[in-house]
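Below, subunit A partners subunit B and then partners subunit C, in two separate complexes.
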Partner chain A sequence: MSARGRIRLRLALRNLRRHKRRSLLSGSAMVLAMALLVFSRTIAEGGHEEWIDSGVRMGDGHVSVQAPEFRTRRTLDYRLSPEARAAVRDALGSEILTERLVATAPRLMIQGLASSSAAALPALIVGIDPEAERVFSALDEKLEEGRWLEPDDRLRAYVGARLASRLKLKEGSRFVLTAQDAAGDITGQMVRVAGTFRSGIPEMDEGYIQIPITTAQEWLGVPGAATSEALLLRNSRDVGPVRRDLEASLADWEGDASVLEWRESMPELDAAVRMDDWADYVFHIMLFVIAATAIVNTILMSVMYRTREFGVLRALGLERGEVGRVVFIEGMILTAISGLFGMALGAAIVWGFFRNGLDFSAIWDMEMEAAGVVIDPVIVPRFHWNQILQSLAFILVIGSLASVYPAWRATRIDVAEAMKFEE
Partner chain B sequence: MSGGNGNEVSTGRVRSIGTPAVRTEGLWKVYEHDGIRVEAVRDVTLTIEQGEFVVLAGPSGSGKTTLLNMVGGLTRPSEGGIWIDGIDVTSLSERDLARLRLERLGFVFQAYNLLPVLTALENAEFTLLLRDVPAEERRKRVEKLFERIGMGGLEDRRPGKLSGGQQQRVAVARAVVGEPALVLADEPTANLDTATSTALIDLMAELNRDLGTTFVFATHDTRLMDRARRVVRLVDGGIVDDDRRD
Partner chain C sequence: MKGAWWRIGWRNLGRNRRRTLITVIGLALGYSAVVVMTGLSRGLVAEMIDNGTGMLTGQLQVFAEDYLPDRGIYDTLGGREGIDVEALVAEVAGDPRVAAASPRVYAGGLVSTGAATAAGVVLGVDPEREIRVSRLLTYIDEGRAPTPGQYEILIGREMANQLDASPGDEVIVVAPGADGSLGNDLFIVSGIFSTSVTELDLGYAVAPIEVVQELVALPPERIHEIAARVDDPWAADAAAAGVRALIGTDGPTADVRPWTEFRPEMVEYANLATSMEWMLIVFVFGMAIWGVANTMLMSSFERRREFAVLLALGGGPALIVRSVLAEALVLGAVALLFGVAVTVPVLAWWHAAPPDMSWVYGGFTMAGGLMRPILRVEWPTSMIFITGGAMFGTALLAALYPAWRSSRVPPADTLAGR
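Showing the complex of A and B:
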């Protein structure tokens, strides 16, 4: 650093120490803003991960492989053939995907009718592999009566509690599933209720039935086929790389298999997360404004107070821009130190008090449902260092922007007039 | 920057041989506020030779501080020319003016104007720091000067811990430590008691004699006027008398 640079730094540091109370007060506003920012971002990140995790477990996973038209036309004409499924399984064997994968689950999904002696109601009938689904889905935890499907089950069904109630079904009750098979014929299959579940999502509780996938394949005449292969990942941030890798591996199956992200397969959840993100952004902007106001106020006050001093510096040979730089450096030092303290404080609060989750059950005493997802009232904050560092970078940018005006004011001081200024 | 004549550079001192320390030619400073025209300095033509000990005297509002500020490059004149050591000040850019102030001028102000966050020693060596003079040489020069002005042992004190007279002595040290061609002092004794003023005037006269530094004061302090070898009187912005006592 040049001699002049060292002088500017020395003056800036000593001026901050000179008015300790003022610096501390402004610094604490920024520390608070940064701590709130860390708290808010970790809670938001934890909340979103919770939503996504809950959504993808109930739905088609973080990533799913389907026939290209299945998303819009949900019929068995658009299914993954046994060969396409084998290609997907091969692709999933790659090292990159294995590291990121928690579970995969094949599903055979068809719209049909559930009939009992009491009523006949529309339902989404999903053939599942109970063993794979146990790791994947959270539906087994929503058991209300009876039991979850077992790997040896053949003619058993796991039924939404409200659907079961309307069909007047209990554990062990028989009822008939009717749907269009692969040949286009209407075909029926009698099953018994293994258990009922209450997910908290009205659409599922009123019209969702799971049966073993082998039973569904046999019944609908599509042996070895599935309508989707759902993938559950360790981290929702891995969706992009996993998708790219899978697409590259399945390039030869372009017409038969397409890769979808949860944002595409669950657009309502995507919209909810984005909306919540926007609400967070608005909150963060407010925090940034508070921080910026504190900096502008402190530094500008300091500039006004030191008018004569800046005049002296100019008279002694400092250039206009150098005087501005002294002020700018003060703002940046105040911002950087406060930002780091704020980050540490925010992390300490989150880690010290909320690492096991922030319990909102006092505000809502039951699980809430939104965008097809059950929201747990306990939100576990999540640290992502890149996000925290991003916040720190934002604070530094805000600090530098907020220091520009006072620095500019300092450069505009008229030296002769400044000498008349009474401190 | 370049002077009118050849410049001699030795041990940090920059002087132009045979060139006046200050020359002004038809100098005016006019302020206009809300249509009211105030002529703070009117048609001042003045030459101050190297090594002079000059007082600009006059009542309040006579224009002596404005004239001093213009000579020091702190205020631009409305009209006329100023040459410091042969350099045309009015044609200099802001950056060159800052360099001129740093390398050829020293300032002493009525209110001392030391930087409160620096110690007495750091204040005194400030211009040397800006000129990138090595630390060892800086310390040597400042300590020598401090001994001479009776500030030895007070180097590490902040201005707030010094008396008015001590602060002004540090200000004088700051002004002369870089061995400038010209020291401009605006009412340097106004805030000091008689004994301290006399000591300070003695100090500046000594520095003028020993170092050959040109001193120009704006003051109405009669003690300082009595010690000056030349008193230029101003009234209403114009020179009314130029009394040389050599």
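Showing the complex of A and C:
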């Protein structure tokens, strides 16, 4: 650094130190803005991840493998044969997958009718593997009465509470499931209620039944088959690489097995998350603009009433540009220090007070459903390196915005006028 | 004397136009942000309620007392004897807030083409009356609504995909009847509807009410429900009370429920959105307060000699406090004018032509109501005023410290230029 550069830096630092109140005032706006940004970003991020997580747990996982046409046709004609399922199992052994995979579960899904002596109601009947599902699904935690399915269960069913009540079923009651089997015949299957669940999602509580997958396969005449293999991943950000890897391993099975990510298998959840993302962006941009005007304003003010001081600097031999640079350095140092402090403060507040989650149940005590997902009123904030980058970018943009214009203003000062001015 | 304070405040703002302008823009931006965001949030709530109640359920339902929560096929209005359907429908439509009413029968069953089978709810309606109550019949994108008296059925798009059926195809509908028998009949697919709500498109079929009654062995006087439309959803509670009074106690024991009771989660969401509005005000003005405080601090710093003169002449500190606060209030007023001038046209335009967002996200349901991918805005009338008040509050609050400081200016030192 040149000698003059050092002088400029010293001048800038000294200016900040000399006017402690002014520096504090300008800085505190920045601290507040950054702390707010960190807080709101981590909450938004945490809320999202949780939303996706509970959505994919209830549904088809982050990534799922199904026959290409199953998504639109939803009939047994479009199922994964035992051979295709074996290929999927093989594909799961790859390095990319083992690192990111939490659980995998086969499902055999069919639309059918559940009937008791009281009524007959449409239901989505899902054959599951209780062992695999225990890790995967959150449905076993939603138990209301009785118990969840166990590995050696055969003719047992886990039924949505509203459905059970409409069919007047209790734990142990018998009822009949009716659907069209693989041969095209309408067939019935008698099962007993093992337990009932209440998920908070109206469609599920009113029309969702789980039975052991082996029972479903036998009943529908599709031994060893499934309609989908669902994969639960550690993080929703892993979806891309996992999908590519799976598609590569299953290249030979094109036409029989296709890889879907949650955004495709749950378009509604995707839409809701996107719209929420969008609202977040709008909100953060607004926060940004308001914070920016407040900060630019404070720094600009501090320049405008230092006319005389800049006049003296010019009279002592600093060039126009140098005065500007002093102001620029001042602004950058101030925003950088207060910005970093604000980030730290925001992180400390989030970590210190809300590390176990921010409880919104005071304002919404009911189970809220959106896009087929029950939103948990306790949001656990999440940090992601992206947020740090965003915050740093925010500091940089605000810093330069808040420094360039005042610096330019400072270069426009007329020395003679400034010195003449007697307050 | 009163007017003088405003004039002094106004003049002070004019002394440093640029500074005033920046502060006013900051405040006005905050105002716009809050009002537009609340407008958006209310648009969201209105969209959810409009679609959640208007698509199928209606804003008001009348059914037998023991129909809920199980919605049993036997639990018809008036019990086994049934009711005079026309008379009751007329009574429900008799309340001035009720725009239209329509009788319904529900049956659960299988719809099959032989090759494929789907399970769903078969809704029996009078198509001519139903279209005035719910919008379900307006979503037909292929074919037409079923003709009264004919064995015709309207099915959802997803169900049609699953069955591989199109208008004109024959389907068999199997449904357990109220007498314990298993009813089955041949229907012609009259059309296909597509609401974008998967639950409806996959699990609902609509047929003429008398045909469904025959299918499930119910006589014409036995129906499950009368659904009614109330144009202002928030008047549904009052309308329900009105209908209850009209039906009276001498008729059949019937339960009248507004949507606020059978869709409580939507009310809950609306309340949540309201509390979010308040948080937004605190957030935004919490930031804006710094800008105002700073401006006031600067401006009162510049005026310290003036204050010193006033103090030296014997004007008490209260005089100075008042002068600074007056300036802040004038600043608030200017910002409010500015904010309203910008916000109201934007809202008016936005309300009239909500932008299409389908390039960012598709439709989805929230608390059971479809959210179309448009950014709809409703007038946040109360918020336009409340936010204005909050802005004045912010300006005043921000001026308190500068005002206090100004009143503490040491007159002798200041006048001596020390």
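Heads up, the rule we're going with is that the second predicted complex is superposed on the first by the 391 of 423 C-alpha atoms of A that agree within 3 Å, B and C clash if a C-alpha of one lies under 4 Å from a C-alpha of the other, contacts with A are read in each partner's own complex, and residues count from 1 in each chain.
Everything that follows uses one rule, which is that a residue touches a chain if its C-beta (ideal position, glycine included) is under 8 Å from a C-beta of that chain, and two chains touch if they have at least 3 such contacts.
Owing to the predicted nature of the structure, the values given are computational and were not obtained by experimental measurement.
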Which superposed partner A:S400 touches (first subunit B, second subunit C, both, neither): neither
Partner chain in contact with A:G112 - subunit B first, subunit C second, else both or neither: second
In the superposition, subunit B vs subunit C on subunit A residues touched: C
First (subunit B), second (subunit C), both or neither touched by A:P122: second
Partner chain in contact with A:M304 - subunit B first, subunit C second, else both or neither: second
Partner chain(s) touched by A:A3 [first = subunit B, second = subunit C, both, neither]: first
Contacts of A:A291 with subunit B and subunit C, given as first, second, both or neither: second
Contacts of A:T178 with subunit B and subunit C, given as first, second, both or neither: second
Footprint overlap on subunit A, comparing subunit B with subunit C: none
Interfacial residue positions of subunit A with respect to subunit B in the complex: 2-4, 6-7, 10-11, 14-15, 17-18, 308-309, 312-320, 415-416, 419
Residue numbers on subunit B that touch subunit A, as the complex places them: 66, 69, 72, 74-75, 94-95, 98-99, 101-103, 107, 109, 111, 113, 115-118, 126-127, 129-130, 132, 174, 186
Of subunit A, residues touching subunit C in the complex: 25-26, 28-29, 32-33, 36, 72-75, 77, 111-113, 115, 118-123, 162, 165-166, 168, 178-180, 184, 186, 202-203, 207, 267-272, 274-275, 278-279, 282-283, 286-287, 289-291, 293-294, 296-298, 300-301, 304-305, 363-372, 423
Contact footprint of subunit A on subunit C as seen in their complex: 16, 19, 22-23, 25-26, 29-30, 33, 37, 40, 69-73, 108-110, 112, 114-121, 158, 161-162, 164, 174-176, 198-199, 202-203, 264-265, 268-269, 271-272, 275, 283-284, 286-288, 290-291, 293-295, 297-298, 301-302, 305, 357, 360-368, 371, 373, 417
